[in-house]
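Listed below are the structures to be examined.
Next, two complexes with chain A in common: one pairs it with chain B, the other with chain C.
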Partner chain A sequence: MNVDDYRKAYEAELAADAATVGATEAADSAIGHDPSDRIPALLATLGDANQSLLARIAALKAISAIRFLGVVFAPHRVAFLNILRQIAQPGTDPQLYERALAILAAEKDPDTQQRLRSGLKDPQAALVSPATALRLLSFDDHAGLADLALDVFHKAVDLATKEAALRVLATDAKSQDLFAKLLQDKSQPRSLRALSVTGLNYLNPQKFAEIAQNIVKDHGDYEDVRASALGALANTPLHHVIRDNAKFLDEIKTLGAQSPLENLRAAAGRFLTRS
Partner chain B sequence: MNVQIDIAGADAQGRAFLTWAPVPATAKMVGGADGGATDVVLRSAGSLGGLVFDTVRSDQGKSSLTLNLPNDGQPVAFFVAGEFQKPSSTFGDAVLEASDKATGNVLGSKAVMVRIRKNAQTLPAPERDRYLAALGILNARGQGAYRDFRDMHTDETTREMHGSPGFLPWHRAYVLDLERALQAIDATVTVPYWRFDQPAPNLFTADFMGESDSNEVAQFRPGHPLNQWATDHELGIIRGLDFDLNGPANVISETATMRLGNTYTRFATGRLGMEIDPHGSAHVSFSEASRIHFIGTAVRDPVFFMLHANVDRLWAKWQWVNHRTLATDPAAFARTATDNIGHHLGDTMWPWNGITGGARPATAPGGPFPATKVTPAPGPTPKVAAMLDHLAVNGGDPLGYAYDDVPFELPPTVVAGGP
Partner chain C sequence: MSANGAVALPDPFATVDRLRTSHDRDALAALLAEQSPVYSGRGTGETEHLRGYILASFEVLGLPASALPFVVEELEIGLNPYAVAAAAKAVRGAPDPPEAITALLLDAIDRIRSRDDVVSFDRSIRPDGGASTTALMELFRTLAWLGPGAREAEAPLRAMLERRPAGFSAQVRAEIERALAAVSRRGMPTTAHCCAGQAAPIAFKPAATPPLGFDIKATELQDQDGAVFSFGDFFLGRPGVLTFFYTRCMNPNKCSLTISKLARLQQRLAREGQKDRVGIAAISYDPAFDLPCRLRAYGEGRGMAFDDRTKLLRTTGAFEPFQRWLDLGVGYGASTVNQHRLDTILLDQSANPVSTIARVQWEEDDIVNALNALH
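Presenting the complex of A and B:
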């Protein structure tokens, strides 16, 4: 399209839209231009238990958006966190409660982190599910969660908690044997084996490459596990070394060309096109 | 007798990557007679990407151009650009063909790519997959160069890029830096934008940026390049949607964004400025457990760059609509306190300037701004002003990228052919 015509069309679109919202916009533009003007009223709404849940969540979202202004929000940060601490107490609606807890965890609030840790050790004291607690504690990359996560992994009976624990353990050097064991054990849930692909590749690429090549070649193993392993081999620092293995490369070429399994075929394609 | 075509900014393999901004090129006869000249028609002959030509730098290029080429091999200059709204999908699907006007015989051709940032929702699968593969390699299980990008945007560095006029220029540079890193892996890749004011169900799928499960973990198809995603010792991407997957995020529309005001202050950083909504609102359209929800952890989620490509697109579109690309235009940027270092037009931007300590952060990850053969802009230590005119409509060098819905249009004050 000619640029002049394109401009006319876009300006017409803007004009048509402006006509439908003129009154609202005029009211908005009558308010001042300082973003911090809005913050006290929003904090008051958020902290007011008599306000509706929707109004309080809307205020929280609006404050969260304004927080992207960084220094502009800084003078209000302490008041905001204090309100969140009040909200993050038993008795608050769970929808608001969990949101407040997440923000406090992201802020690395020591009391919140301690309460989340306590809940992982003692289910009676848990604020949220173990999987959620691990996700929230992981905001802090210096949280030192490995021992706690390993304990959670062994005690947990539900898959979601085990998965969350493995995500934490994936950066713990001591956990590489656990990942190697899970990855090679066909009786394990496939989601745990898929996470073990990533975990072992992260912790010990050499060991991972050896195990993964065997899994990829094993036609009796599950497609998704084989595809995950092959996809990871395309993304390992040892990729070029693995490509030098002519026999394995032929196997991948065959998979890429002939495998009836879509994920495996696609992963083979990615492995082969990686330069 | 052949025609040789040379386009400025070709890479080491001779490949030219174009946007909507015209770039200089030459055509010359090779193996012709000593005297006389031949009328040669240049035309766009690709299977997908379109090209336009002109003898001067203009926004009125045509799909064919006749040049009178001296047979002795003297080059003749012209300008070539991608034809607006006819982007390439891959290298070589745009072709510049030169033929003898008298006989119609093809005397030469040059394969190029019209490399344009596109809407992620409608991105063709092959382009999506190349983008993802490059992103996965850049991340390299948390140990690749993506770590530098992660380290640039943290709680400790916030003042460099948020809450001040430099918000939009800094993030423009940031997305471009990442894009160039991806292009060093695969030159055909651009950063797609997440148009957050429209439904984008194709984006949050197991094939693309991950489908959030009930535990707010992005799930990918087995073998997906982002299955290995890791940042900050965190495996995977924690992301929950607080909006309907089949609807827009909780943001104002594009047209409402354009109406925020026709000065930069009102548009970008004011009380109702776009840094809050749609930008901040897009970030917090995800659950509070989502890493993208917070400045300090947002870059753990690679959707960050697609969100910010859209923020940049909105700025680029606002600049185009209002002709606000000239650094000397007081409405094109905002003034700020003298000591607000990094947010004046003449300030260099951290971390690319390498300055640490004092008002700047303690470290400067990533090094200087990466160079590209496509354009010398913005240089290794870009200033804020260098980011204002991404297509160089006022002259100078473009930044080497463009959006599929923001055209190259000369401002009213600039005539074709100059500056």
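Presenting the complex of A and C:
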């Protein structure tokens, strides 16, 4: 997703949130001093398809806050999850539907995970966009998602989906060669290369350090990719080893003092000041 | 395909159904082993669901002795409501449940309270399709099934009912009341004996290792500082304590606790002047991900003080030789471990395994006493 699209989506979300303020305040006042007394009413509102969308979202927000009170909420947990499962069905307003899916995915609900997976394999069965499905499935890092994410990455044509797939693959040790390849390929979109900086540095800091040093020194590469690589080198566990390379250190000092590229200059400064 | 290259079976639930129909309890129990191919390539959630489905079979088929350790382990440290509920159901198939089961059920209730969920062991019912039981309800039903044999649960059950604010839903409270009535029945014989309520002593078993066709002592390892050496280099010449873990383990009662206990064992041996006489190490199940920096951070965070006798390790190649050598209970999903049992091995001065503790957490005394017997 590019910055403009993200800004528009975020502004729309803020506007929706503002509209729920009144309903949220009503829900908050309903909570009162003893939340346990009010949870059944909030659950009833959340589960009632005849209630307004704003009231249901407000109830969900209030319940989400009460969930932090573990002992108070425990008796209502099963009822809450059952209501979410009813909401997470086609036909519910997407604003509520996606919130319910997100909570169920965070709970590692097997049926939700299975439906999200099915949607990635078969677009006709998709509950949400592939990027959202990958994000929700990645809440469980033991979901065994790597093979599916790799398949999605190769088949996807839109950047947002490819980015989401790379975020999932960043915890899969087998994917380090893919990240190395993307990072060194100047024809790849810069956002994918930036994600490859993170992914490779996480999975194989040594290999990353070798590749990243070459990228930083390559004046023909993009400034943001070079700055990302240098920024990551400042924080890699091998930082002290890289600093021992006097020739590379001199190049970074030159970049920090003379580069006309602001991001790269700043990254060089961070690298040099890291103790 | 799993992270260790094994290929998954297409429909393992159908396999379980066939074995259920033919009442083949031993074959079902054999499927519980973590390294069974039925789990290969699957995520942890799916794996736990399948294991739970197998365990629940024993309520009707009867619980064979070979499956009991799996039931005990699930009740002792399990966090998945489905799998814990299945273990509770399996107990109801036991002809003579062990005395410690009551305490394990109470522990499981405490652990599952904040994680409860609906469970269905009927594959024709969808999760949103009206399943009417939960993990907690199954745990209380098993206490009720035990009846006066679970009399030690009477006071804890009363305390649960009196707790304010109420910690349980109305449905669960009804099950607690039924369980309380059942365990409190007077005039009924109980099977209590001298060890009632006490955990069973840790059992060390002699280690048996198969012929491998290669020298495990030459297997290359890397420690938390990046140093590379062989298994023999580290363990030869002194008794050793060897265990296994991985840094992405999600259950705090498993790997995290194991490494914390290793740290306490190290401190105790140091206090007793035995620090240099014993090698202590844990090897990662997940060597491709558990790089030296992760091993160091994980160990330090749990109190390990690394030195030349105490290390966290990973294989520089595949982990599989260790799995084969020690028949370790570990299975792999697409990217990482999907389940594992607890395995701790005592090694003699020749780096040969002399005894093992499997599926239960040990106490420092257990290990120190066993080490003293080796010296």
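Here is the rule we go by: the second predicted complex is superposed on the first by the 242 of 275 C-alpha atoms of A that agree within 3 Å, B and C clash if a C-alpha of one lies under 4 Å from a C-alpha of the other, contacts with A are read in each partner's own complex, and residues count from 1 in each chain.
The definition used in the following text is that contacts are C-beta pairs under 8 Å (C-beta built on N, C-alpha and C of every residue); 3 or more make two chains touch, one makes a residue touch a chain.
Keep in mind that this is a model prediction, so the values were computed, not measured.
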Notebook entry, point to check: Taking the superposition as given, does A:A79 touch the first partner, chain B, the second, chain C, both, or neither?
Noted result: second
Next item on the list: Considering only touches as defined above, state whether A:D141 meets chain B (first), chain C (second), both or neither.
Entry: both
Margin query: Tell me the contact category for A:P237 with respect to chain B and chain C: first, second, both or neither.
Written below: both
Notebook entry, point to check: Can A:T171 be said to touch chain B (first), chain C (second), both, or neither?
Noted result: both
Notebook entry, point to check: Looking at the overlay, does A:S64 come into contact with chain B only (first), chain C only (second), both, or neither?
Noted result: first
Notebook entry, point to check: Which partner does A:P110 contact after superposing on A: first (chain B), second (chain C), both, neither?
Noted result: second
Check: On chain A, which partner's contacts cover more residues, chain B's or chain C's?
Finding: B
Checklist line | Contacts of A:N263 with chain B and chain C, given as first, second, both or neither | finding: first
Check: Across the two complexes, what residues of chain A are contacted by chain B and by chain C?
Finding: 70-72, 141, 171, 237
Margin query: For a test of understanding, state which residues of chain A touch chain B in their complex under the given definition.
Written below: 1-3, 6-7, 10-11, 13-14, 17-18, 21, 25, 28-29, 31-35, 37-38, 61, 64-73, 98-100, 102-103, 106, 131-132, 135-136, 138-139, 141, 160, 163-164, 166-168, 170-171, 194-195, 197-199, 201-202, 223-225, 227-228, 230-232, 234-237, 263-264, 266-267, 270, 273-274
Note to self: So in the complex, the part of chain B that touches chain A is made up of which residues?
What the structure shows: 59-60, 84-85, 129, 133, 136-137, 140-143, 158-159, 162-164, 214-217, 221-225, 227-228, 230, 232-236, 238, 242, 250, 253, 255-256, 258-259, 265-266, 269-273, 275-277, 279-281, 283-284, 287-289, 291, 293-297, 321, 407-409
Notebook entry, point to check: Any idea which chain A residues touch chain C in the complex?
Noted result: 36, 70-72, 74-79, 81-82, 85-86, 89, 107-111, 113, 140-148, 171-174, 203-205, 237
Note to self: Quick check on the complex: what are the chain C residues that touch chain A?
What the structure shows: 1, 3, 41-46, 49, 82, 113-118, 126-128, 134, 165-170, 172, 248, 250, 286, 288-289, 291, 293, 333-338
